[in-house]
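Order of writing sets the labels: A, B, C and D. Residues in every chain begin at 1.
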Amino acid sequence: MGFPLLSSLIFLPILGMLIVMFLPKERHAVIKWTATIISIFPMLISFWLTWDYFFNYAGEAAMAYVEGPLNWIPILNIQYYLGADGISIPLLALTGLLSTVSLLASFNINVRVKEYFAFFLLLEAGMMGVFVALDFFLFYVFWEVMLVPMYFLIGVWGGPRKEYAAIKFFLYTLFGSIFMLVAILIMYFTSEPHSLNMLELRATGSAMPYSLQMVCFIFFFIAFAIKVPVWPFHTWLPDAHVEAPTAVSVILAGVLLKMGTYGMLRVSWPMFPEALRSLSFWVALLGAIAIIYGALVSMAQKDLKKLVAYSSVSHMGYCMLALGAISSVQAITGCMFQMVSHGLITGALFLLVGVLYDRAHTREIAAFGGLGAKLPVYSGIMVFFSMASLGLPGMSGFISEFMIFVGAFSALSKVMVGISVLGVVLGAAYMLRMVQRIFLGEFDQKRWGGLFEINIRETITVAPLMLLTLWIGIYPKPLNDLMAATLENLVNLMAR
Amino acid sequence: MVEAGVGIIFWILTFVIIVSALLVVTLKNIFHSALFLILCLFAVAGIFILLHAEFLAAAQVLIYVGAVSILIIFAIMLTSNMASKKIIQTNQNALVAFFACLMFLVVTLVLINKTGVWNYSTRNLPAENILTIGKLLMTDFMLPFEVVSVLMLAAMIGAIVLAREDKA
Amino acid sequence: MLYYLGLAAVLFSIGLFGVITRRNVIGILMSLELMFNAANINFVTFNKFILNDGLTGQLFAIFIVVVAAAEATVGLAIVLLLYRNWRGINTDNVSIMKW
Amino acid sequence: MTENAYLIPLLPLFAFVMIVFFMRWNEKLSSGFSIAMILISWVMALVVLIETLGRYGEPYEAFYYITAFNNINFEIGLLVDALTAIMLMVVTTVGACVEIYSLGYMKDDPRFSRFFAYLSLFLFSMLGLVLANNFFMIFIFWELVGLTSYLLIGFWFEKKVAADAGKKAFITTRIGDLGFIVGLLIVAFYAGTFNFGGVFDKVASGVIPAGIITVAGIFLFCGAIGKSAQFPLHVWLPDAMEGPTPVSALIHAATMVAAGVYLVARIMNIFVGSAEASMVVAVIGLITSFIAATIGLVQNDIKRVLAYSTVSQLGYMIMALGLYGYDTAHGHHSAGYVAGTLHLMTHAFFKGLLFLAAGSVIHAVHTNDIQEMGGLGPKMKITSVTFMIASLSIAGIFPLSGFWSKDEIIATTLQHPVFFVFTLLIAFMTAFYMWRLCFLTFFGKPRDQHRFDHAHESPRVMTWPLAFLGFLSIFAGWVAIPWLPHGYSSFVYHGEMHHAAPNILLMLISTIVAGSGIVLAYFIYYKEKISADRLAEKFRPLYTLLYNKYYFDEIYQFLIIDPLMKFADFMWTFDARIIDGAVNGTAWLTILWSNVKLWFDTWIVDGAVNGSGWLVRQGARILRFLQSGSMQFYVLFILIIIVVTGLIKFEFIRIDIQWPVITVVFVLGVTLLGILSRLAAGKEGTAQRLEQEE
């Protein structure tokens, strides 16, 4: 075993947090740059992992870069056990990238700078940890660790209703976590000898009696569904997104939501095949409802950020639809694609909304109009991502949606998929309405004459997202190959 | 077991020591206290001789009586005003302290008394007291000896540094 | 032997009393010297009556004397310093290390 | 050259990239580069056409990249057959003409470079669409042309109508694409491949049930309905005329809207496999064609008339293709395929020309309303002449190119009487409204003197493309003259080659019908023998209905958009009130419960805690006297403790209580002692210290 790359993904941000904590409080610039530069290292490591995995491990489904298991709390058989495979690697890279990008986008934070950046790095550590943990206890710990900085980031630096949003987010997620904890405990006491090793528990789970499988599956599902969020557990999301500062919204949309779907793929799907088989239809149904419902609700929004937030609900609905199509590798691959692409696109949309908000101090769609003439570059980028979000070919959103549809069509009720496709039209409708009302039409010179164009730092933050969106959209094969073996294995596990 | 002559001398010395020690701690004039301290230390040197520690007695006289006491007197003369006898030389703890010390003394004495069996030595001390000490210092106690000399040096330097007038 | 020990105990108690009650720093130093002497007496006594061989007790006493001398030196230097800074050497005035 | 055909779309893409990133600040450079690229593409398309002719239309297929994915192939490849070659030619020709024309038309626009960038991007997508060899790729380019269409319609986005029109176009076509996607899903599921050849093999081999083929065909046709503006999704195309006129000419007349027709022709094998689907196609085409033609009769906006004419002609082509599928499914021979594709080509040329000429007129008089024009013929010779050539062509007058294609379509409908009658009726109406346009615009007296005085012929960059397209409008159809031994029909065909015998009677009928339409227009709008107003008065309800385009927009607004928005609002309220309300309600209940607990906590549990805290505080107030800072005091303290410990330890005092009690009593006692001693003397000491400090 070589250098513990996965551990360093977790502990570098923590180290960074400590460093930031020891910096003098008033030196804002120093703190900002330190945090950003530190966060570049995990990003580079995650990129290197992607690269290395692609060339050396992508063909096999086994865990790579395994660290441990080291006994951590031996009396409970809790281990420090990390590993990565085809479904965690892309998400790690996404996390690394988005963390750096959002730190870069946080440079306009001016109150309690030190705390903000320290929390942010802690958050990054938590997210990385969730994606690499192979021990349930460890997984749970990281899952919760991430909540705390999130709570403060929303609650301290958020918008006008930040306290409400933060508490709602925290309690809601915690509510779900409790179910997860119970399910973990059930698993723990069922396994013989008692174990918390996720990979070993797959065998335990599938050997459990049907009723117990159902209970565990549903408990896990509630925990993860709240995080995704699956309709009808989604109402924390618009509040949290809208009140959170820009960078935090980016992380929320880009990474946190993925943890729910990741959890399903990593934990509950391969563990309880029987329960999964009898419930997969309902999962897909929830997904289909979320697609249509999210799109409709976001059509009715007047607040730009809320619109994007509800579009997240709709987009994560695609993931759920795909997760319901358990027999199709294509759908599951599409789900992974959608996770990555939603992270990129919605992350970028939030960044851009933040850019506009910084200048105009309002997010009301009706307040704008004709910005295309005044801010051509900004409008161009925003239109680009709107198009990506509504699934224009040549961008990642299209690839993922199409894969999901193709896969789901073969595995699920045709009518349901047919109805879900409506989401594509509705998506076009709300995105275009938004674009039209903000960028097209008459320009109000008196009110918005003072707006200025997107600056270099902001452009740098969205540029990588743009490139990746295009890359995945035009040449999705590498990403597909990266995950193919793992997903095939997963589908086989689900089909047990 | 104490021989008669030695016994008389011992009691005299004891008397001197206790009285002068009491005066040291109670006299209002600190200068007088210092003088009684010298007397007390002399008497202790006598006790040492009684205990066959001739070299120690000599060292006691030289170092304590000769050096330390002079030093103290110097310090007294440098610092306080001897003429002002009004200064109360004891603080508000005196009463409590007195009882506490008395109790301590009682406890200690009773303890000494209660320890019934002492493991007396049968042999006598080496005859050539000074010779032996010298040998021991250069052999078995080499290291402590050196350490003590370094300590002395450090104390010296420290004293100089502390007592130096600030130029500023 | 018990008398010697008794003497030491008395001397020690007196020294202790002095340390506690003296207002003057120099007075405290002098009381300390008394306590050292009490200890020395003990050492020498035990050396004479208990120790089977050698002069370890006396050697210890010698070291104590030396250390006492050093302590006196430094202590007095501190006294001088205090005097210069505070225009007085009463301990009451040095008790700034309290709440 | 054919093997390098992929360069044809890539060159405009290159132009787009170069303009966006490097040239956008230099208008001349960007427009010049863009035109150069499309001209090279044009030359290459020409070479490809000649090579394909040399192979007698033998298809050429190339694969560049295939990835198998859960038994479905995703691939990127080229398919060049005769249809493709001709479409390439059409697109590049019209594209080149339009770009050159735009040099003049868009001259003073602030976003000049961007216009050329968009045009290049569009040409890339369109050419890619034409060259695609599988459903997946065609869908990708399908969406991309939709995007560029959106961008170009909304090019003058400061105008709200333009922005609205762009959005409407995108969303409406997207509704069609919805069906297209479902069709693709069906194809992928049942055929397991997206490749045209592969799918057609599966269809032909009968592996796929007939019902599925019908459903798939109809769903795929939905895409064409959206893109080619067929009933009931035709409403976006007239609105799309808010875009710059060159855009209307290129995208909304000649190429993109033809993509739907191209798609139907391309996947003809599926329709051939299902008579029902073909019939749906044919009927939709006929309805569209008829509706659009009737609306076109009464419109006053020159571009809208042309737009409805486009819709109508597209319906024609679709109908012809549908009838071909229907006939072939029943084992008859039919000229429909040849007719549809031929009309696709000729229509592209003359409709492009019509729009460009109309643009030239609009450029001169700055209005779209034909009621404000009139008598412009002498002032704008080239424009008016070319416009009239195109009008003759679209009306189907011998021997212009429109005649040959239209004649073929009418020939196709011979076996279907209903279709035949309507087709002739539409041909009549087409001739009528086109010439109504001509007479009102170029002949008679000027109705708005001010605008008339202002009018002038357009610059040469605008008239030359007109002349070139005029040339094509006359001669392009000649390739299909039935007496030619190796004409169009021996080159572009589906299934087996079928050489129809020329039907002179039919040609005569169609010419007479078209001619009578022109004559009627002549009497009404030139000679004014029959008053148009009186006619309108007489048929007031019909006129109103037509003038308001059968109220399609209003019906959609009322039946679909409004309910949808209401529903969206309702969902939002539902979300905020019910779902979120449930969450918040739970929170409220929890808070209520916790308030009860809070009371309990405050007074009982916390009371205990606070009480102890209070105790500690009070104790600390006393105890702090212990911390005197006086060394001597500490020593005394230690001494006392040692003494007491000694007393107890060595049993001077016998206490028969447990050690904790002893400890407590002992500590308390010592503490009190110390405090007392401090208190006794504390004030004095403090006072002294204060004195010293002063």
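What we mean here is this: a contact is a pair of C-beta atoms (placed from the backbone, for glycine too) under 8 Å apart; a residue touches a chain by one contact, two chains touch by 3 or more.
Predicted model only: the values in this text are computed from it and were never measured.
Put simply, the chain closest to the centre of the protein, by Cα centroids, is A. Looking at which of B-C and A-D shares more C-beta pairs in contact, the answer is the pair B-C.
With each centre defined as the average position of its C-alpha atoms, the distance from subunit A to subunit B rounds to 80 Å.
Look at where the CA atoms of subunit B average out and do the same for subunit C: the two points lie 7 Å apart. Once the centre of each chain is set as its mean CA position, subunit A and subunit D turn out to be 28 Å apart.
Centroids of subunit A and subunit C (each the mean of its C-alpha atoms) stand 74 Å apart. Each of residues 16, 20-22, 91-92 in subunit C touches at least two other chains.
Subunit B has residues 91, 93, 97, 100-101, 104 in contact with two or more other chains. For subunit D, the set of residues touching two or more other chains reads 632, 636, 639, 685. This structure has the following touching chain pairs: A-D, B-C, B-D, C-D. Taken together, the subunit B residues at the contact with subunit D in this complex read 91-93, 96-97, 100-101, 103-104, 107, 110-111, 114. For subunit C in complex with subunit D, the touching residues are 16, 19-22, 28, 86, 88, 91-93, 95-99. Interface of subunit B with subunit C (complex): residues 1-2, 10, 14, 17-18, 21-22, 24-25, 30, 33-34, 37, 40-41, 44, 47-48, 51-53, 55-56, 59-60, 63-64, 67-68, 71-72, 74-76, 78-80, 87-91, 93-94, 97-98, 100-102, 104-105, 108-109, 112-113, 118-123, 125-126, 129, 132-133, 136-137, 141, 144, 148, 151-152, 154-156, 158-160, 162-163, 165.
Residues 168, 171-172, 232, 234-236, 293, 296-297, 299-301, 328-330, 333, 370, 372-373, 387, 392-394, 398, 402, 405-407, 409-410, 417-418, 421-422, 424-425, 428-429, 432-433, 435-436, 439-443, 477, 480 of subunit A are the ones touching subunit D in the complex. Touching subunit B in their complex are the following residues of subunit C: 1-7, 9-18, 20-24, 26-27, 29-31, 33-34, 37, 40-41, 44-45, 47-56, 58-59, 61-63, 65-74, 76-81, 83-84, 89, 91-92.
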